[in-house]
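Got a structure for you, written out below as structure tokens; questions coming shortly.
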Amino acid sequence: MTPLTTLYERMYFIRRFEETLLDLFSQGKLVGTTHTYIGQEANGVGVIDHLDPERDVVFSNHRCHGHYLAFTDDAFGLLSEVMGRATGVCGGKGGSQHLCRGNFYSNGVLGSIVPVATGIALAEKAKGTGAVSTVFLGDGTLGEGVTYESLNIASLWTLPVLFVVENNHYAQSTPVELELAGSIPARAEAFGVEAKALDTTDVTEVHEAAGRAVARIRETGAPFFLVLDTYRFSPHSKGDDNRDPAEIEERRQRDPLLVAGARLEDDERRALEDACERRLAEVVEAAEAAPLAAPEAA
Amino acid sequence: MTPTQHRRCVQVLNEALHELFTARDDVHLLGEDVLDPYGGAFKVTQGLSDAFPERVLTTPISEASLFGVAAGMALRGRRPILEIMFGDFIALGFDQIVNGIAKFREMYDDQVTVPLVVRTPMGGRRGYGPTHSQSLEKLLLGVPNVVIVAPSECHDLGALLVAAVEDDRPVFLIENKLMYGRPNRRPEDGHVGELAVREMGDRYPALTFSGTDFTEGSATIVTYGGMLPIVLDAVTELILEHEVFCEVVALSQLLPLELDPVLESVARTGALVTAEEGTLIGGFGAEIAARVQELAWGELRAPVRRVAARDGIIPSARPLEDAMLPSAQDVVEAVAALEGVRS
Amino acid sequence: MLEIVLTREDANTEFALLAEWLVADRAEVEQGQPVCVVETTKATVEVEAPGAGTIVQLYEDGVEVELGKVVARIAESAEDLASLESGAEAASTKPKRGDGERKATRKAVELAERHGVDLSEIDKRGFVTEKDVEALIARRAADAAPSERPLLAGVSTQGVTLPARFDADGDDGLLEPSFLEYLRTDPASFRALGSEEKCRLLRENGASIGDGVLLGDGSLVAAPRIVLEDGVELGANATILCEEVVAIGSLTRFGPGLELLCRRAFVGAGVWGGRSVRFGGGGHRDPWAVLAVGDLAFVGDETFVNVCRPVLIGREVFLTMRSLIVTHNIGHSVLEGFENRFAPVVLEDRAQVGLGAVIYAGCRIGAEAIVASGSYVTADIAPGAFAIGVPAKVTGSSSHALSPARRVELASRILDDLHELLALGGHEPTALEEGDPRGFEVEGVRVLFTPSFREAVPSPAVVLTLAALAEPSEGVAVLDLVARRVLGSGGEVLEAARELCRKRGIRFEPGPWRYRGRLL
């Protein structure tokens, strides 16, 4: 069992990384846009702790920074990528939404990644690696038809796919009630895929449920559908937030950092946080010093 | 009667698939209705699932996802071949093609490759109507980073299929429906029929045909795939009836654009006609014409002319379909309309 | 009667290969007996006879057959068989392998038919074109020709009457090498000599110089072998420099400014050349720079004939002024795709080339063909054709057939025209009484026309005729308009008649001939 301190430290680092990105964005130091993970950290950290970066595969979406950091711990590669630096993990070609490092991939079109993650599972199964292919979806992605084609295929062919639905209740600015009918877990169950829905921001609970899901996949080789109720405190990307501030404030009471932090000794927590701050400062300094990505000489 | 004379294109492709599956164990085939005894709508995969049940998967009717599934396999080092039953259905996969398959390698800064082959039959002249008769490969022409290979019945189909599978780039292998049942007319002794043939290019070569052993020609006709036999009919008519000799360049690689064989021939003939079965607007001919006028303006004595389908749907009724699709007569007329063609 | 149909069982298969017949055509078959093997994209199947009878096959094996077609019928009775044998689907119409694969062009087929050529004699990979047929026709003619001329490097002399001296092996007129050296190193001092002195020196040093040869002021003739026959006349400032031989036949004359540069030049007798005629240009020292100009050819003013490959000009060819013959092009690198052409030109006997027309390297103008003024000839012109345009295209025939009556009428009109011209010139011709031969009298000489000259007429007289069948008596001249010969002799009136005939294209031997009379 991974100690809570480790989980907390990872969540805290992701939180501060994303907040730093928002600052840098305000200063005009970021390229394009960014979709932050603030508020959803317990999901990425809780799930990914069960994956082996050497063997398992993660396919993430546009809101991928938290997943990336949890899986690769490569803050410099990510920050310099988002800042358009040559040292970025994709040389500045991908930017915020299009990352790749080792067994981690992300792409920017909703739903598009689900069949690819399914194909990855098919390949890993054929190779006999025992890998689990994890794909992160949101409630918005459930509007894309390929999601259901992929559920069908993964179930039909018994593929080791972990579908993680992070239901943050908003598709960009549209509340889930206006875009989704019916039950989310029942969608998977209709395809014969085992599903588990969880309404918690407690990383320990997420960690435990994800652990069972991954173990189940490793045991049966069959897909699993994990639905995590969550909330993002920051806007979808930038400047597109029309939510009721009272609603956000209510949700902040259940901030995963507060929930987990309350269980740590203050000194211990502060020491972890300070370490994160120092590391982040170093990463920002290094990324800012890195050369901008430049076209190859023809 | 030598056996090669009668090996039809579908058999050649089928044998190549069997050889590929025997030679390498990272090749998979996914497609609708590919299992034996049915063996695929056009029978290209016949016998394959019986021989390699683990690696031949019959799929749900989910093209939009299957492109992604195949891409995922390719990302993880497998060599998937995705059979799309009718080329028209690639429209369902365009998100995967444009936003994934074509992008992964470059946007991930060359950390990955996507060695995926999509095989699909295109083309009309069978009365299948508007959604089962199109030649949509031109839509792929606007997608950087994919390879389009559209062989003709005179190409080495087996070698092209093997090359496509061994290519680290995503390859769309466009197979003409009518081609399947026709003999794979490989050049023998440098000739197909009375026409001398030269091959240019390595992996996906172009074939250049000449009725004068490349000594003279009034025009070059560049074409590919299922239009080749139609163009060869036109060229034969021009020779026999008018003693007008045209060279024909049958490309197999449409993307990245393979212009050398075209430029080489145009340098001899001074005029160019493009012929494709797809619709005219924004097509293969438009791109070739633009490039050739940029690169070889000085060689051209007349504007490039294009032969293509009318811009509309492909009707089902035979006379309507015939009127829609380009014919040998259209090619003859396009050549005759060029300046400086002797008759 | 039963049918064997290749059934269509699958929407995606339209054709099948009729791989093999298992029974012979017209064989007796039993019901259920396998009769043929058919391959579709799906499978190879044996097709069984639907009943017993005599099988009549409608397709050869090895062909693709559209599914749904009947490939054979089974005659169940003699009547069935008889009706099949007489039907439209009889064996003769059976689609066969390779049938319909015509490889000869329409033009080739038509030309072959005109010349009675069997196309199967052309053994060639690829299409058989009009050119292939022409080549075969020329080859046949060449094979039939008496001897091959080695220095022509394969150029066919078909249709070309070469000058008499056209011969690689002659040895008359060999020039003393030291004298040749003198001509080459100090041409100016030779040019400055008078005609008689030039002829004498040439003769003394081995050249064969006939009587009455006139070498104009400032002219030069230099070659290892020189033959100038009687009466050769070169105008002022002529330059003849040949690497091996120059031979010019009797009575040939060129106007001033002739330039004749090549390896071997053979000019026939009676050739009439205008002023500033040039033979030579680029490549005139090449081993193939051989020139032949046939007897009685006409070479107009400022005509230029480039000779780096053989140029064969036949007898009585007309090269009208400023016509141009080239045997090579010039231009950019052949390795950059530019055409690089070196090829002979042949003008067969009596061909005519109009004012300013250009004959491109490699072309052959057939006998009696006419190339119109200003045309550009890039391909062979068939004998007797009329070609015009840039590039020249054949639009018709160069001449038309005449009936005997029409010929008499045209000849008779020459007499009338002459009468009229003399009247207009104030020479007061008087018509003779109607009779045979009819005619008029001028300056005391009777001018008569008779279709055939058979009996003596009183002298002095000039008789125009289409057939001279008797010898003229003293004081009578007979112009045979068809044989183009002059019999007997006469004065001014004969000369006037001869000049008018010349203007009608009737030129009498020997040539050349210049009218210096006063009547016309």
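Should a chain be cited, it is by its letter among A, B and C, assigned in written order, with residues numbered from 1 in that chain.
Convention: a residue touches a chain if its C-beta (ideal position, glycine included) is under 8 Å from a C-beta of that chain, and two chains touch if they have at least 3 such contacts.
The model shown is predicted, which means the values in this text are computed figures rather than measured ones.
K.L.:
Should the pattern of chain-chain touching be classed as line, ring, star, complete or other?
P.N.:
Graph shape, chains as nodes and touching pairs as edges: a line.
K.L.:
Measuring from the mean of all protein Cα atoms shown, which chain centre lies nearest?
P.N.:
That would be B.
K.L.:
Roughly how far is subunit A from subunit B, going centre to centre by Cα mean, in whole Å?
P.N.:
A distance of 42 Å separates the two centres.
K.L.:
Rounded to the nearest whole Å, what is the centre-to-centre distance of subunit A and subunit C, using the mean of the C-alpha atoms as each centre?
P.N.:
89
K.L.:
Taking each chain's centre as the mean position of its Cα atoms, how many Å separate subunit B from subunit C?
P.N.:
Distance between chain centres, rounded to whole Å: 50 Å.
K.L.:
Inside the complex, what are the residues of subunit C that reach subunit B?
P.N.:
12-17, 19, 39-42, 61-62, 64, 101-107, 125-127, 129-130, 337
K.L.:
Under the touch definition given earlier, write down the residues of subunit B that touch subunit C in their complex.
P.N.:
Interface residues on the subunit B side: 1, 5-6, 8, 10-11, 39, 41-43, 46, 126, 177-178, 180-183, 191, 193-196, 211-213, 239-243, 267-268.
K.L.:
Tell me, which parts of subunit B touch subunit A in their complex?
P.N.:
Result: residues 28, 54-55, 57, 59-60, 62, 64-78, 80, 95-96, 99-100, 103-104, 106-109, 111-112 of subunit B touch subunit A.
K.L.:
Spell out the residues on subunit A that touch subunit B in their complex, using ranges where they run on.
P.N.:
The touching residues are 57, 59, 89-91, 93-94, 98-101, 105, 107-109, 111-124, 126-127, 133, 145-146, 149-150, 152-153, 156-157.
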